[in-house]
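What follows is subunit A paired twice: with subunit B in the first complex and subunit C in the second.
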Partner chain A sequence: MQCDLNIPFPKDVNKESLNKLELILHTLIELNYTHVAINKQLSPKMYYIPSKKQKQQMSQKEIQDLEEFDLKSDLETYFKQFELLEEKFKHKQLKLFTRVTVEIDDPNQLGSIFINLNSPSAKNRFDLVAILPLSEKGLSFLTNNNGSGSNSTNVDIVTFDYNNYFNGFHLKHKTMNGITRRGIKVEILYSSIFNTMNQSNLKFINNSKQVIRCCRKGIKTCIISSGASQNVHVRGKIAIESILDFLGLKADVYSRMLKENPISSLLNGRLRVKSYQQTIATGFDVMMKDSELEQKGYEVVNGFVVATNNINKDTEQEPPNKKLKK
Partner chain B sequence: MNETTNFIRENLLSKSKSNPSELEERVNPYLVVAPIAKKSAKIKPKKYVLDSKSSKNGVLKHLLAQNNYRMTNKLTKLYLSSFIKTSNHSIREAQDVLTKNDKIKLEKHKRYEYLKKEKEEIFKKIPVSYETLYQKMFKEMWIPYILDALKIDSSQDYKETLIKLNMNVCLNKLSICDFNGCRIKVIKSENLGYLGKEGIVLWDSQKTFIVIENNSVGLDSIKILNKSKTIFEVRLPISKNAKHELIFHIIGDRLMYRSSDRVGKKFKNKNVKDLMYYINANYLFN
Partner chain C sequence: MVRIKNRYILFELLYPPTECYNTENIIFEHRNPSKPKSVINPKTILYEVRKQIKYYLGDQSLGKANITLQVKYFNNVTSVGILKCSAEYYKTVVLGLSMIQTINNDKQKVIINVVKLSGTINKLQDHSIKRNKELIKRIKFQTRKNNNLGYHYETKTSSELNKFLTEESKEVEVIDDPIEIE
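Let's look at the complex of A and B:
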């Protein structure tokens, strides 16, 4: 079992970009990966809804850009393409999951986006919800417990932008321990080590060292995944271990970062969708999707899982058996 | 001896204590090395026994004064363990009676009938059989109660009724509802001995389910199933003749409350590190 929880979904949906995504998934199969999540990234421009006073201060170009973009239709296209991908990789060992990452610059701009993404009444719900803080205010969204911060219990993963320096904020033990104690995992993206533009491979080493330092060497907190947009940037198990060794980690951490820590974050996200506050769950298995359940003979109606029995036939066959015994 | 010591012994010390030789040691100018006295043996914790003589109404007085959750827990433990011990003891007695009279190879309902007719004293001590509980508690009481709570009509077609329902509201109601009389089955647990055990719930305590288990060979017996690190399956029949069933899972670690305390409870998501057994272990080894 190996996990890769970050394969970015292309921003412009074309034939070429979708073919690239399929190529990445085919290479992942050859490298013995089993659990893969496809990532939809939301920037603050996509979800920001300004009030009337704020609109007066903005220029006309910015307002036009905001009105042109429609979040609902954009998410619908994502789910459509995801279903098509699921059908293609049905008979292979790969299990696909949905994931969304929300970039946070200012928590006041968020509005009701987390309620919309996580609401039980929504048709399609994301299996994993991640957060990408762009400033120190964005990171404090997780630690605060008042108002919109109460939604922070619904977050599974925290990621960072490894291509650039963390502008203006410095990670501390206190804040990161408070986050990880609740079961939220911290992600490291290794694909930027192959990118030589703007010295991003050097910045990756600096940033990841900083993350590992304040997460207590990542034994129970960190997960590693590729943010690869090309199939060349994906690596296998042994190559990832050499990268982690290069960052100064010990051998007992390698398998935890690839297997156990990402699986626990998947379980956390999957229980949020399938159960009521982790008390009572529906279905035969939490990790199984609806299409897999239908293959095994179960029926799925409106989220409920129905099993059909042939009890009547068995009871009719029982009496003749008893006569034979006598 | 001097005169002064004689005077002290006869006149002064003898008045203060009966045996003056003990006190003489104090007067001795030399230092006496004596072994330290042994520590008194540890006082064993009192075993509370339910007796009608020592208390009123079978409840100890000093326990009633401290009306804590811990104390009620202790009392229920006492009562349930004594009930289970006596019932299991009487089952062994009844089985001995059956083997002596060559009745153990009879069918199950005939064994109970034989005991009811001929050995009434033993029959009163034995717990009720699985089949009668399945009829009276599960079919006639629990299923109508839970279908009423979830607003499911068993007479109509099951697909039409399920589309109208909201799944999250149903799960919320199930987490509050009463599980006494429900049939449960262990699906996953850290303790491999529990796997596949099923029965009808007699009592839903804080940390355990107390269950009657079906036994086709002998007489039915009572078992205790721990809630911690186990997952139970509940199957709810919705159509006639139990042809179609809904499947739910109870996660035992998060449901560690009595059914009466669960009503006003606000459940919250917690860290998942103790629930790793929920995923198939085959994943982790490959």
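Let's look at the complex of A and C:
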């Protein structure tokens, strides 16, 4: 199995942009992907409700744009399109998941986002919740225990903008360890290495090196996904491994980044939605029949297909006893 | 007497379509067989690999990886090929392959999908033949789903691809690479 947990949903919903999304999913099938999450990104302009004082400082155009935009209807269109996509890819090997990423500039502005995400139309419908900090304040939101920080228990993934340098903040061991100790995974998006505009391939190498450094080489913390807005920027498993090798990682590390870490984050997010206190899960989320899976060496854990290490012991040969020479 | 160690790479060219509203023949669209041989052939592929290695890793690693680099087999119709390189520096060659976006400054963009790495060419032949059989099965399954008739009904494109794939697996079976000894 192969995961790609970040395929961006288009900002302007047209016939063309939706067709582009479909084509990305089709190329992912050709590259043997199985689990894909479609990402809805929310910028601060989308959810921010300014106070009276702040409104006086803003121009009339900005106020108009804020009033015209409706988050609820925007989320509804996302869910509608997602259900249509699910029907189209029903008979194929691909399994689709929902995901939302919230860009955070100032944690004080976050009040309305939780009202919207916990409203009856959107509650428990996002399988994964991610956060994209735009400043150091946004990152510290995850480490705080008080007040709004208590909502950070619902977060699965932290991502960064790899197309630009991290302006104004420097990643530290202490903050990142505090985040990852809660089981939150840190995401690396590889698609910007193919984008030669504005030197974004250089910026990607710089930024990803920083992230890997402060996550202790990312053995148990990092996941890798594409974040591709075109179907040309998607690559297969061996190609991604070679890119990570190019960044200076070892084979045991990047094999975990590709397989085990994304599965665990998906499980975590899925259990939050589908289970009672993460103990009892319901639903039919299996692609093949159980008898077929066992023959191929797979196992079903909470609706996920996971490879088993148990090979038949009869066929396995025992190693010969070593005799020590004097 | 020491055998020179090589690594063989089975790769596949995909031509991801930029606009395609009719997704019935999507498997066929990804393996576009209408490309002329003047644009994509073993020479242009090798030139592009060397260019990418030089861009990302510099002259030194190009010189190392270039020792026994050659394309053993390439089929322009099904766009599947086998590449041979030295066992020490195969990782640089794979990086060069995966970084390619266009070949010969062509308008159509390209993904090179590295399917399998192996130490002997026999294993690659077996794998590619097995893969072709699976692909033919997939094409048949898809056409059945699209028709909603419940039985296999071959369209023009799917029957063409079937023919090409069976021809290719015959060609791959014959490839031979003699062992070199120092």
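Observations on the structure shown:
Here is the rule we use: the second predicted complex is superposed on the first by the 267 of 326 C-alpha atoms of A that agree within 3 Å, B and C clash if a C-alpha of one lies under 4 Å from a C-alpha of the other, contacts with A are read in each partner's own complex, and residues count from 1 in each chain.
The definition used in the following text is that contacts are C-beta pairs under 8 Å (C-beta built on N, C-alpha and C of every residue); 3 or more make two chains touch, one makes a residue touch a chain.
Source: prediction; values computed, not measured.
Within the superposed three-chain model, A:R272 lies in touch with subunit B and out of touch with subunit C [touch as defined at top]. Applying the stated contact rule after C-alpha superposition, one finds that A:L71 touches neither subunit B nor subunit C. After overlaying the two complexes on the shared chain, residue contacts for A:F194 are found with subunit C alone; subunit B is out of touch. Residue contacts after overlaying the shared chain place A:S264 against subunit B, while subunit C stays out of touching range. Shared-chain residue A:K220: touches subunit B; no touch with subunit C.
In the superposition on chain A, A:M1 makes contact with subunit B only, not with subunit C.
Between subunit B and subunit C, B contacts the larger number of subunit A residues. In the superposition on chain A, A:I63 makes contact with neither subunit B nor subunit C.
Contacts of A:D245 after superposition: subunit C is touched, whereas subunit B is not reached.
Those residues of subunit A that touch subunit C in the shared complex are 16, 19, 22-23, 26-27, 30-31, 91, 193-194, 231-232, 234-236, 238-239, 242-243, 245-246. Across the complex, subunit A meets subunit B through its residues 1, 34, 120-121, 153-154, 181-183, 220, 259-260, 263-264, 267-268, 271-272, 275-287, 298, 301-309, 311-312.
Within the complex formed with subunit A, the subunit C residues making contact are 14, 16-21, 23, 26-27, 30, 56-57, 91, 94-95, 97-99, 101, 109, 111-115, 117, 145.
Put simply, subunit B touches subunit A in their complex at residues 158-159, 162-163, 165-168, 171-172, 174-175, 235, 238, 241-251, 254-255, 267-273, 275-276, 278-280, 283-284, 286.
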